[in-house]
Amino acid sequence: MTDIPAAFLTALRLIVTLDPQLAGIVGRSLYVSLSAVVIAGAIGLPLGAAIAVYRFPGRRAAIVLLNGLMALPAVFIGLTVYLLVSRAGPLGFLGILFTPAAMILAQCLLITPIIAALSHQVLRALYESYREQLCSLGARPRQIVWTLLWDARFGLTTVVMAGFGRAVAEVGAAIIVGGNIDRVTRVMTTTIALETSKGNLSLALALGVVLVLVAVGVNALAALLSGATAPRG
Amino acid sequence: MSILPLMLDGVSLRRDGRVLIDDVSLTIAAGPKTVILGPNGAGKSLLLRLCHGLIGPSAGRVRWSGPEAGSARRRQAMVFQKPVMLRRSVRANIAYGLRLHGHAAAVRAARIDRVLARTGLAALAERPAAVLSGGEQQRLALARAWALEPDVLFLDEPTANLDPGATGAVEAIVAEMHGGGAKIVMTTHDLAQARRLADEVVFLQRGRVAEHAPAADFFAAPASEAAAAFLAGRLFW
Amino acid sequence: MRRYLITAAITVAVALTTAASAGDRYITLASTTSTENSGLFAHLLPRFEAASGIAVRVVAVGTGQAIRLAGNGDADVLLVHHRPSEEAFVAAGLGVGRRDVMYNDFVLVGPAADPAGIRGLTDAAGALTRIAAAAAPFASRGDDSGTHKAELALWDAAGVDQRAASGTWYRELGTGMGATLNTAAAMNAYTLADRGTWTSFANKGDLVLLLAGDPVLFNPYGVVLVNPARHPHVKAADGQAFIDWLTGPAGQAAIAAFQRDGQALFFPNAGTLATQ
């Protein structure tokens, strides 16, 4: 197997030379997946907190459902979004099929349950310890939701990064709703799939290495940013 | 003008078929420091939570019947055995409660500075609350309650986890709040603490009020067999 | 909370639509992996864009899926290689004005050791009969692509019920051409490939070309404009401009000029080259 060392060398060369085509693909991957994670976070985090705080009929069922939705296959989401935004589908008038917007939408649907379910896990324990004190201070459920989100922000960074990881690494939805169009919707994972199908295994592997490095970089940045505002002492 | 007195009328609490608070009728009036005393498991903490409204009774009624009863919710505060610290600075912990009560920024700043000074926490104002010692955290919990300027302060075994020095500091703050006009209702299983603090005693035995008497009378001549046993250090059940 | 979620949803919808509307003049072309993976589009499309100012966005999938995409109105032009399907597409009113573009051919590839002994044969159906008789591993696309449909027609011609052997020596992969070649290389199986993908494929392993040239392996490509009467948003003028260029002298010459390893992979046959 000479492919693996060759892949690392290729990866190194691609990065060191700042290959412009690769830079475009990496940029597109980041644009799509970071957009998806921002939107999914804006929906999933309050949703997870709300499920931890509010008591309503069917709450247990909602939690089970949410945990189950974490297992949704990306291709299933891709197909669903395709049927929605296809010209023949109910959202066809938007004309977003085969654009980054469709990929963002699909990745949002993919990771919102993950962010909601994991943040519910994180916040449930915190809520248990805060509940009596916050009620005593007269906090309403709404205010409790925001308090939990703020106080758990460091734990929730990891939750959001888990969502980002899933989004940036998925290929099934990106290829169906994006179409892997060169310079438009070609992202890291669809490029890896394409190069594999051309038999360029070491290039495909090299791109995989680059993808991991990019993901590590994003996580390091998130850790730095949250570290800068973390309480010290 | 106060939300007091607080009337409990035939209050019971049942959980999983067990009776934890059993038909308690009690009037807690403005003025004296009330200590709810009793052995572990008597239901002191539950009774305090029923009074504060954190839990609802299975039967009976908890009612504030003073002239200001309409705003009872925001005119009481509670300090817990294990202080709950929000993951932010000491100052922000106090500000949080004030903000919930809708106080303007200027009012918040003035009150925060005042209670920080009175609880001896001024030097720690910008520290994260999570890194304070147990005693400092409990003083912060008191400061947070104090800033709200409540008519009634409930304290649930506030010194159970503290060393004598920290206990003394907490008791001094409680006394000062009482001196400022706040009604104190506190649970303890520590007989010595009850002797130091109580103006009146509610003695709880297995979910029932065995005795409700001025402290001097209670400690001199307990009327109930359970209280007599407790004061004498005998086990009774 | 509810108001927050509604606001968030509206923001998302607006952001998505604005993100989608950004962009310049382009058409969407539904086509096959064989044309994309061989590098043909990378050769042709910049020339067309330079000539017309129209960018072409290629969605490269199997022929079956490409036809379905186009039928839903999700592409402006369809370029595939299965003539009966193309004609059915037009007959159903989904497309207009099918034209021949080019052809290449399918090749039978397999392990150099050739356990079924098909090297030197000229008759593709006969070769398949021998593979079946030897129960030698055969990797099928199994994905309803043009290549898959051509392969099924060959089995029919050979009179072999290969489906009965599915899971034993006959392996239906359900993948694209490249992935099928990767798998065939890994398990030393025979497979049917289009010449373009095969020639430019970089991971051949032990596989070699064993049979080519049988007229039944002829693989014609056709181009169709998605019917604008059926799907009003179809960019009919720009799409037709692409079809006209592709089947006109400039496009046909560009197809003929495309080579990999000194070998032409596609042969223009729109009938206009001769007039040049």
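First chain written, first letter: the chains are A, B and C, and each begins at residue 1.
The rule is short, and it goes like this: contacts are C-beta pairs under 8 Å (C-beta built on N, C-alpha and C of every residue); 3 or more make two chains touch, one makes a residue touch a chain.
Quick caveat: nothing in here was measured; it's all calculated off a predicted structure.
The chain occupying the central position, as judged from C-alpha centroids, is A.
By number of C-beta pairs in contact, chains A-C lead all other pairings. Of all chains, C has its CA centroid at the greatest distance from the CA centroid of chain B. For the pair chain B and chain C, the distance between mean C-alpha positions equals 78 Å.
Averaged Cα coordinates give chain A a centre that lies 32 Å from the centre of chain C.
In this assembly, the C-alpha centroid of chain A lies 46 Å from the C-alpha centroid of chain B. On the side of chain A, the complex with chain B involves touching residues 129-130, 132-133, 135-139, 143, 147, 150-152, 231-233. Contact residues of chain A toward chain C in the complex are 35, 39, 42-43, 46-47, 50, 86-89, 92, 94-102, 104-105, 108, 142, 145, 179-182, 184, 194, 196-201. The touching residues of chain C, counted against chain A in their complex, run 1, 4-5, 8-9, 12, 15-17, 19-21, 23, 28, 33, 37, 42, 57-60, 72-74, 176-179, 181-182, 185, 200-204, 231, 233. Residues of chain B that touch chain A in their complex: 49, 52, 54, 73-74, 77-78, 80, 84, 86-89, 96-97, 100-101, 127-128, 130-131, 144, 148.
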